[in-house]
Amino acid sequence: MNSSDQVLYNDPAPRLDRAGIAKRAARDLVDGTTVNLGIGIPAMCADFLPHGVELRYHAENGILGFEDLSAPGEGDPNLMDAGGKFPKLVPGMAFFDSVESFNLIRGGHIDVTVLGALQVSKSGDLANWMIPKRGIGSIGGAMDLAANAKRVIIAMEHTAKGDVAKIVEECTFPLTAQACVDQIVTDIAVIDVDRENKRLRLRETAPGWSFDDVQSRTAVALEVEGDLGTMV
Amino acid sequence: MDRSRSVSDSGRKDRTICLTVAINKIINSFEGAVADIPSGSSVMIGGFGGAGGQPTRLMLALRDQGATDLTIIGNVAGISKTTGYGWPDHLDPIDQGIFFESGQASKIICSFPVPGTTNPLSDIEKAWREGNAEVDIVPQGTLIERIRSAGAGIPAFYTPTGVGTPVAEGKEHREFDGQTFLLETALHADYALIRAEKADTRGNLQYIGTSRAFNPAMATAARVTIVEVDEIVEPGVIDAERVGTLSTYVDRIVKRAEGDPLP
Amino acid sequence: MDRSRSVSDSGRKDRTICLTVAINKIINSFEGAVADIPSGSSVMIGGFGGAGGQPTRLMLALRDQGATDLTIIGNVAGISKTTGYGWPDHLDPIDQGIFFESGQASKIICSFPVPGTTNPLSDIEKAWREGNAEVDIVPQGTLIERIRSAGAGIPAFYTPTGVGTPVAEGKEHREFDGQTFLLETALHADYALIRAEKADTRGNLQYIGTSRAFNPAMATAARVTIVEVDEIVEPGVIDAERVGTLSTYVDRIVKRAEGDPLP
Amino acid sequence: MNSSDQVLYNDPAPRLDRAGIAKRAARDLVDGTTVNLGIGIPAMCADFLPHGVELRYHAENGILGFEDLSAPGEGDPNLMDAGGKFPKLVPGMAFFDSVESFNLIRGGHIDVTVLGALQVSKSGDLANWMIPKRGIGSIGGAMDLAANAKRVIIAMEHTAKGDVAKIVEECTFPLTAQACVDQIVTDIAVIDVDRENKRLRLRETAPGWSFDDVQSRTAVALEVEGDLGTMV
């Protein structure tokens, strides 16, 4: 799907907006788990948690158990999250330093992380920190999270500008981590990554989008098991 | 017991793992908290040595539960029962020696397994002399760092401690900047029995004074962490600036009875 | 300055070292606190990125002092000046970019040196594009663990983070239990500029909220640790249970002016 | 000095008692330094600090800056030092866990440690944790302290039972650390260890003890530079 002229102007239906992607990604988050949300679309998941689901949010800069707010604000600079937002203090939260914060990540104690991506491969490789032509990029906590969280969910737009595929056979951008992605939630699809067999299973499509519509915007052959669902 | 929910997860390294999240971590009895510990388990026991910070009620419950072939991991071990170390004079001290006295432990990994004198012989030394228990003596700083590494996702590290001593035998030696170091590996356990002053219902722990010691690191290094506390409070009672162990690390909480005569 | 006493000491590794113990750690001005930092120094700058926990006054003093060829070590670096990250809207943000704007820094070791967009170009990216500065990008967890290791006497450790990525290039790969890890080495510095809420006159520090971040580890990893605080108190005012950095690690303390408009 | 029959009954003057050893060792402790005192004679140093000297005591179990008391007592089990004593709380002290405690030691942040010994060699090797014939011993924090403290002072009786030399060419007991000892303070002498040249310099003798008296109880040739002082 590198030559993509034929699909540029024929989306069969609207794609989900950024909030829609976040809302769908949030649906699979499990009550009581420790979760780290990356900046951008992932952070917006906090606004769409299913009823009754309470997460233990972790931010790399040293908070656990706060209430995540996606709205920026003029907060206290000493009470910031890793994305530069100002979280709401709630009973039962805790502050700690970066050593402890990355023990939690590296030690595999983060249940789920939701991250953005530039490219994801069929084997679950993730590239999300540098565009090669720029030659410089920012890693932050992404490599630690991607390599060590128990479950990695990617929340992103399905294609890059010009409908260039971001879901690819092999990443051409510098990797963030190998074989780490469990699930991909985009503006047109939900895809499970079977890392062991290097296969992608299309689970859901956006309303009005068919298997072929999604496949034509994906550079990896997708599989389907059972019924294809619709993203809600 | 409706304490946990499971989520199937394809997990790291392409192994299927089961993500179990304890929703209600509070267990009503010490017996219940250790009931499922099988024979052959490795069990970390927190504290430093002495009564402070030691999960004494959990230890007694595990002794009574009867699991055998245990590997005990602790720091100062078996000293209190023979010397009174770290216990008030009017009480009979309890320490890791109870698992050797009962024959439940087949191995201990610790830094200080015997007192200076051999009269009376401690339970650990007796079991060792009789060939009933293996004793692995580890420098204290290496022991705590190995435990910390297990919780922190670090499989191995280099340390200057122990070079040229018996603990260096069989270990990789490596020079950095002209100095020699030893490679030491992470030390995990199946269970950690730890002690804290307070827990909130989420599982955040607060420690007091010198009772921290090995407890916070052990909480991160075991598959299941069980904590004995004097008090359980609502979230928010423990100051967010003073949480000593994060709730994520704690699986089970048991409260001591009011007025428990044991320290 | 009658601040310290020296003791000759035959020291580790048979080198003669001079044991200098600061008796009075309080310095009256930010200028004075950084006056002796020579060109060519490595300087850790605490905090996470953003105003909270950043030693902004010490940074401005070092900028004004003029030392050149500096290696800056920080986490998120140079983002606030271009994006406002972590700063109140009504203030002009200050970050590590000031040392690249002024041409004082020749290198930065950090995890997050550039924002997502290139318009406007940050000071660090500009210096890098013009070939005036080296940028060493390190995963955040590896960066903090390397700094922590420097303070903890650990010359190197293995980490799972970065395997298969550009940060693995040239590094030793090693398997433990079937998983591949990278060898990473301790990261020391000549100076650490850090920030805390309070210091007592001995040098114990108390942090608040998310202002801890890289500060506590950096305090342990530098030859000289200089702390910027909002308040200096008598020993005992900081609760012994809440000391975030031990007095032993702190060499110099400078208090901000009352009502300083910078966060 | 392995065959020691000839010196068994001819001490020229009384040896210092344990408190006397501690008092002499304490004289070289420097105001403001961070100090860890081992159990036994080393712990007694706290009772004999020179006037005006205030130390920052460290105990492995996680306290810094307490007031050391050598008297045992019925204290609070949550406020113990590493030797099982109950220290006095003073303003400016701090509690921490064993990870932090050994960062302080391993990282070289302890200025001085005073330890006991079974044997010390002329190159500064220390053996203090196991008697070979027992086959089991306790290391505790001794290896970390000996290998990593900036300065290691040994406070011990000069000879073992039967006047067997403890200051030896090469330790025959299992080592605690190699080339670590800076100074030896005993009940009859103060000796500096020149580790680089593997030489021992006798600095002081106990009152009434000559160079020869000390030398005859030491299995290493001692050297003297300048005047020989008297322990006070």
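Things to note:
Each chain gets a letter, A, B, C and D, in the order it is written, and its residues are counted from 1.
By definition in this document, a residue touches a chain if its C-beta (ideal position, glycine included) is under 8 Å from a C-beta of that chain, and two chains touch if they have at least 3 such contacts.
If you're wondering where the values come from, they're calculated on a predicted model, not measured in any experiment.
Comparing the chain pairs A-B and B-D, the larger number of C-beta pairs in contact belongs to B-D. The centroid of the Cα atoms in chain A and the matching centroid in chain B are 36 Å apart. In this assembly, the C-alpha centroid of chain A lies 58 Å from the C-alpha centroid of chain D. Measuring from the averaged C-alpha position of chain B to that of chain C gives a distance of 34 Å. Residues of chain B in contact with at least two other chains: 145, 148, 152-154, 159-160, 207-209, 241.
The set of chain D residues that touch two or more partner chains comprises 95-96, 102, 105-106, 148. Judged by the touch criterion defined above, the protein chains form a pattern that is neither an open path, a ring nor a star, and not fully connected either. Residue ranges of chain C in contact with chain A, taken from their complex: 48-53, 75-76, 85-89, 111-116, 118, 125, 128, 135, 137-142, 144-145, 148, 159-167, 197, 207-217, 244, 263. Those residues of chain B that touch chain A in the complex are listed here as 5, 7, 9-12, 14, 17, 19, 21-23, 148, 150-154, 200-202, 204, 220, 234-237, 240-241, 243, 246-249. Those residues of chain A that touch chain C in the shared complex are 59-63, 74, 76-82, 84, 95-99, 101-102, 105-106, 125, 130, 134, 136-144, 147-148, 174-178. Residues of chain D touching chain C in their complex: 30-34, 56, 58, 64-65, 89-96, 100, 102-109, 111, 148, 150-151, 179, 182, 192-196. Interface residues of chain C, counted against chain B in their complex, comprise 13, 145, 149, 152-160, 174, 176-179, 181, 185, 207-209, 241-242.
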